[in-house]
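In what follows, structures are represented as structure tokens.
Two complexes are shown next, each including chain A; its partner changes from chain B in the first to chain C in the second.
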Partner chain A sequence: MNGKQGDCSYSAARRFTLWSLQRRAAPYLFLLPFLILFFGFVLYPLANSVILSFEKTAGPRLTRFAGLTHFRFLLHDWLFWVAVLNTIGFAIAFLCLQIPASLALALLLNSPLVRFRNFFRFAFFSSNLVGQAFAAVLFTLLLVPRAGLVNRMLGAVWPSLLELDWKSDPRFARVAILMAALWLSVGYGMIYFLAALQAVDQELYDAARADGAGAWSRFWHVTLPQIRPVTVFLILVGTVGSLSLFELPYVFFQGPGPQFAGLTIVQYLFTQGFGAGDLGYASAIAWALVALIGTVTLVQIKIFRGAGEHP
Partner chain B sequence: MEFPLGKPILAILATALLSGAALVCMPPTPASDLTVWVFADSHARTYRSIRDSFEEETGRSLAIDDVGDSINIRLASLFMAGRTGNALPDAAEIEIGNIGRFLRPPVTDVGFLPLNQYLETSGFRTIDSPLDPGESGWNARCTADGKIYTHDASHWRLNPNRARPDAWIDRIIPARFTPWSKHGVIFGVPHDVHPVSLTYRDDLFRQAGIDLSTARTWTQFQDKCAAFQDYWRTHGVSHRHALELPASTSDDLVIMLLQRHVNVVDDRDQIHLADEKVVKTISFYAQLVAGARSIGAPAESNTGIWINQLEQGEICVFWTPDWRVDLLRRYAHAEALRGKLRMMPLPRFDPDDAPTSTWGGTMIGIPRGCRDPDKSWKLIEFLYLSDAGLDARRNEGEIVSPLMERWNDPICQKPDPFFGGQQVRKLYVDLARQIPPRCVTPMTSVAQITLSIVLGDAVQYVRNRGTIGLEDACRQWLNRATADVRRRIDHASFEKRDATP
Partner chain C sequence: MSATRSALKRPAFALRALAVHAALLAAAAVGLAPFLWMCCAAFKRPEDVFGSAFLPPHPLHDLTPGNFAMLFHSTPFARWLLNSLFVSSTQTVLVVTFSSLGGFALAKYRFRGKKPLLGLMLLTLVLPALALLPGAYLLMYDFGWINSYAAIIVPGSVSVLGMFLFRQAMLSVPDDLLHAARVDGCSEIRIWWEIALPIVRPMVGAYTLLSFLGAWNSYLWPQVVLQDQAKFTLPIGLAGMLSLPEYQTQYGVLMAGTLLSVLPVMLLFFVLQKDFVSGLASGAIK
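Entry: the complex of A and B
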């Protein structure tokens, strides 16, 4: 009897120990797959790229400590600064156009006056389903001098524009990239704005109307403040995305473009790392880009917080 | 019975389980004895057509993997990671624009195996008797007496001074080893020669009363093209341009410079951007694409579009390396162009310029850590240098072989109806004999980008100020560009540089 009791209490104690062990271990076990992937594919390469940025390399056995050489060279590398200016210029122009265009489209397609709204919502969003490389190929065909659809349409209005060579003139080259990027992403922003618009409490509009607010006033004082978090999110995502622009100009120009108009920071990084095989310098460029994105994002967050809203 | 998470989740789970089970049950693909990586569909197609012969001949199975453009990054990653054996292909093809990165390490650490020894000790030329046909300068071992004979333009003569007969290294045109070599060490066997000619719409030039084929110099060529454009403009066709020539990229300028035997960066990392020939060529080029006597217009790199531009007569002269003629035959509407095209050698700047240049190229090499380099070499010999391999390639297209004796093939003499009965292959072979060597280093692409900048400045200068003072301005820009590229080479080089600036 005593023995039985002892067995029972032993097995109960064992069950309890296992249970408590499982309870303690379970969270870590659940986290383990993610942690393995995160360390293997994110942290380890990141740490390695920090080391690489201080080295000259030419293969697995060929590395030499280079100190700050790459970073010093970067400071005086005019091609890098051209890439920085191009990228920042693109980011500013892109955000200034994408956010208002997406919002305008969302307002339009949120209106009950528009018929076939669902079809148009899908149509505008669908361009986002294709990749940047596809958009680049598509715009290459649209913008062919004499034969491209856009050139033909422009030529019908102003005949000399039929010959417009978008890939030869730096100004037009930048416009071409911007058009392609907007075509890809305006629909994406529109979907977020639509969701935000539909979440605005109708009672606020009713109250505003009761106070005599007009359409513009309602938009400015009710709609905009209510969709502010989404706007902030889209600005942050758009900033990071446009600062890391790569495939679009890379495929469109098949190189840096006329007078380097299509050279972005990531493209320069790619050219150095995979074109010339200089992984050390490419890593230094990558960390400069990280610093740039980090700084811009922090400044944006500070501005939005300063305006009284947490993004 | 209801599934607690709902039917869609059940369907997803079932699909996942079924796919997983199918993957587990699928028999593994049998590993091949040899694997070759290629990046072009056409190459894969050609090699697949002769795979059976190879397998029969050697008793080894062969996998041909069309890796596409990712071949460069995949190979570079494998080399950087120091992988060996099964992880590596037994042979791999690389396109000329991408070889620079692979030549960055010191010669002893390049990821590809040096091939000099294989090239010097195999592919020996033999003759059955001194009565066999031959060409001047050939050296062959006579199978009857085992002695070396040299052909002196009329007969085979016994040559006791010659230690060995011609091997592959003597039978392949030397200029095509240059892009795949570093400090004299050869890392690849060339696939092609890619001589460049000009193909033009003879019908439209004749309508304008101009015989373009008589243009021997670039200046004459420009005069004829300018007259051609004037004729069509006065006849109401304002969008007809003579030559395919971009104003913003230096690709065609590089072709012209190669024609003049100028490599912007040579194999000793010497920079030739500021050479007088470059100054003159870039100045000339700028007024070909800008100003009153402009004859150039940019063509699209997309095959369908540039062929359409030729068909429509929007651009009437195209740079045509042999591979581009293949595309033309394959994708042009035959009825639109048949008989209307003619081909001509490149006009020259100076008498010592070549009448051709080169555009594009492919090599095959052996990864240093591969399973068995000797077997890989046998594979390369079969694909690139055997009769079976070369015949398959000839059947596939127009590409001129780098193996010089193949140039005597009677097919090269055949008139080509697509070009109005012109002997196009013969022209290519004649040009191939005069092909200028092309060097590729890790810094070549950077130098060419810098050249594009100077070209852009020169074009802008012509647009704003004409041609007076253009050469001096180009000289200044090119000197500055040279200093910049030198600084970049010094920074990027892993090895200590022995070349002087």
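Entry: the complex of A and C
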């Protein structure tokens, strides 16, 4: 196309063909590394996981077709359902706390009165950089009876809580995981909410004020509708993330926890597939999880769409 | 208008400012206290851990680097640190390169098969990555990659999310600029390197940090494929120490290890902070 720009000497004509070749091949060459890896290490293993879920396995290479055996077994596997209930319970509790907490922090931080905004933003966000496994080690020690920071703080208010052993009572075990998860992710949500709040058109507030809207009414009728897309995004991301919970409870309890309180779906997948070596059953668990995440997010999207039409 | 208002209500304003800052400080304290406690515990002698919440009564005298010495002497922590640095940086360089190349091709070229490819990519984007875990393990087994870094680095250098992020960013590169470069005799690969990449620099920064964080903190997959203690990365090495009775009560040593594990990503965040926040934010609003 732009080869016409060159002059018409002999060598230029030869270069022209090479030139147009590198031009035409460019997109394919640019995509090549991605394509090889995408087909080899994403699509192929994915297909493998589908096939595996219909196979009985004993070790990686001994397989035979088993039909729906795994899925039928899954229905009656009480430990699997314990994991499902734990995971869903965690996801609900997590979202109900994370979203409002993140929004509250962002609203505070967005106030024009605030000074040292960058310091606060860093203070809230920095914990999000810590990996779940590291956070589990950290919280193990924060929650050590007598010595841990949290136990000390609680003990200062209520002395008997100083000796509280978070890892032995299922109720406290759940609270511990929830605390660690919130510490990790409230700042993350805050960053998104803050960006959305800063993008709200100030004229909308001025107009609402001119109409005599109070602070609460402005928040309800201007702010909330404006930050809706980010809220939906955070709820979806939080749902997928919390339904995939694994490392935090696994490292914290070094196993399923007291009365399986820390057993999540992914942990069950992990122990079945890579502890017990039953890759077929692990695949079935994986697809059950995919179905759960898919259903929940689809329902959420549907609700948000429906609610959006009647503000 | 608002200036006169604030002048009229000055005491009320000051009070509100105070309340906002008090609330923010309280929240910041909750966010930072675990770090502070970790830093203190990492330098405390074992007998002081139970004595005081943060600093011991005579900080200059009682704080020691002894926990770090023990960490490096009695565990392969130094090896884990190097392993993590090697695996995470290799993987990050590869995934940023491949994603920016591919994203550029998707954004700025017309070619056959683009639509089906995008559809396929979108499909895997909505599938949780966990679904390919058993299949990927089988593949690693067939390749003989179990217990090797290839099992982490090679599958880790492909990211559909990265492709979409870079495609989105590259769409903003003006076509005229690319045409002008071609007229000047610039090859396609140089166009990518010298024109497109500098324009999407914030995305490069944000995605570099994002990938490095993901690789550095990754636990599940390395735990699945790595077997030798000498090959462990930091998350599995450190988390494994929790299961060993001789370290379970060595709070100082564990905190020294956690501190050193968290520090590198904190430093990287400081360097790339601006790009990261703007990159995250622009991605969310679009």
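A few comments on the model shown:
Heads up, the rule we're going with is that the second predicted complex is superposed on the first by the 273 of 311 C-alpha atoms of A that agree within 3 Å, B and C clash if a C-alpha of one lies under 4 Å from a C-alpha of the other, contacts with A are read in each partner's own complex, and residues count from 1 in each chain.
One rule holds for everything that comes next: contacts are C-beta pairs under 8 Å (C-beta built on N, C-alpha and C of every residue); 3 or more make two chains touch, one makes a residue touch a chain.
Model, not experiment: these values are computed from the prediction.
Annotation: superposed three-chain arrangement on chain A; chain B versus chain C shows a clash.
When the two complexes are overlaid on their common chain A, residue A:142 makes contact with chain C while staying clear of chain B.
In the superposition on chain A, contact is made by A:56 with chain B only, not with chain C. In the superposition on chain A, A:81 makes contact with neither chain B nor chain C. In the superposition on chain A, A:167 makes contact with chain B only, while chain C stays out of contact range.
In the superposition on chain A, contact of A:220 is made with neither chain B nor chain C.
Of the two partners chain B and chain C, it is C that touches the larger number of chain A residues.
In the superposition on chain A, contact is made by A:274 with both chain B and chain C. In the superposition on chain A, A:259 makes contact with chain B only, not with chain C. Looking at the shared chain after the overlay, A:69 reaches chain B, while chain C stays out of its contact range. Once the two complexes are overlaid on chain A, the chain A residues touched by chain B in the first and by chain C in the second are 60-61, 140-141, 144, 146-147, 254, 274, 279. Across the interface of their complex, chain C is touched by residues 2, 5, 22-23, 26-28, 30-31, 33-35, 37-38, 40-52, 60-61, 105, 108-109, 111, 113-115, 119-124, 126-127, 129-134, 136-142, 144, 146-147, 149, 152, 183, 186-187, 191-192, 195-196, 199, 229-230, 233, 240, 244, 246-247, 251, 254, 266, 269-270, 273-274, 279-280, 282-283, 286-287, 289-290, 293-294 of chain A.
Listing the residues of chain B that touch chain A in their complex gives 72-73, 76, 79-82, 100-102, 104-106, 109, 111, 239, 246-249, 297-298, 300-302, 305, 308-309, 312, 314, 442-443, 445-446, 449, 452-453, 456, 484, 491-492, 494. Chain A meets chain B in the complex at residues 56-62, 64, 69, 73, 78, 140-141, 144-147, 162-163, 165, 167-169, 254-260, 271, 274-279, 281.
Contact residues on chain C toward chain A in their complex (touch as defined above): 13, 16-17, 20-21, 23-24, 27-28, 30-35, 37-38, 41, 49-50, 53, 97-99, 101-102, 104-106, 109-111, 117, 120-121, 124, 126-128, 130-139, 141-142, 154-155, 157-158, 160, 163, 179, 182-183, 187-189, 192, 213, 216-220, 223-224, 234-236, 238-239, 241-243, 251, 254-255, 257-258, 261-262, 265-266, 269, 273, 277, 280-281, 284-285.
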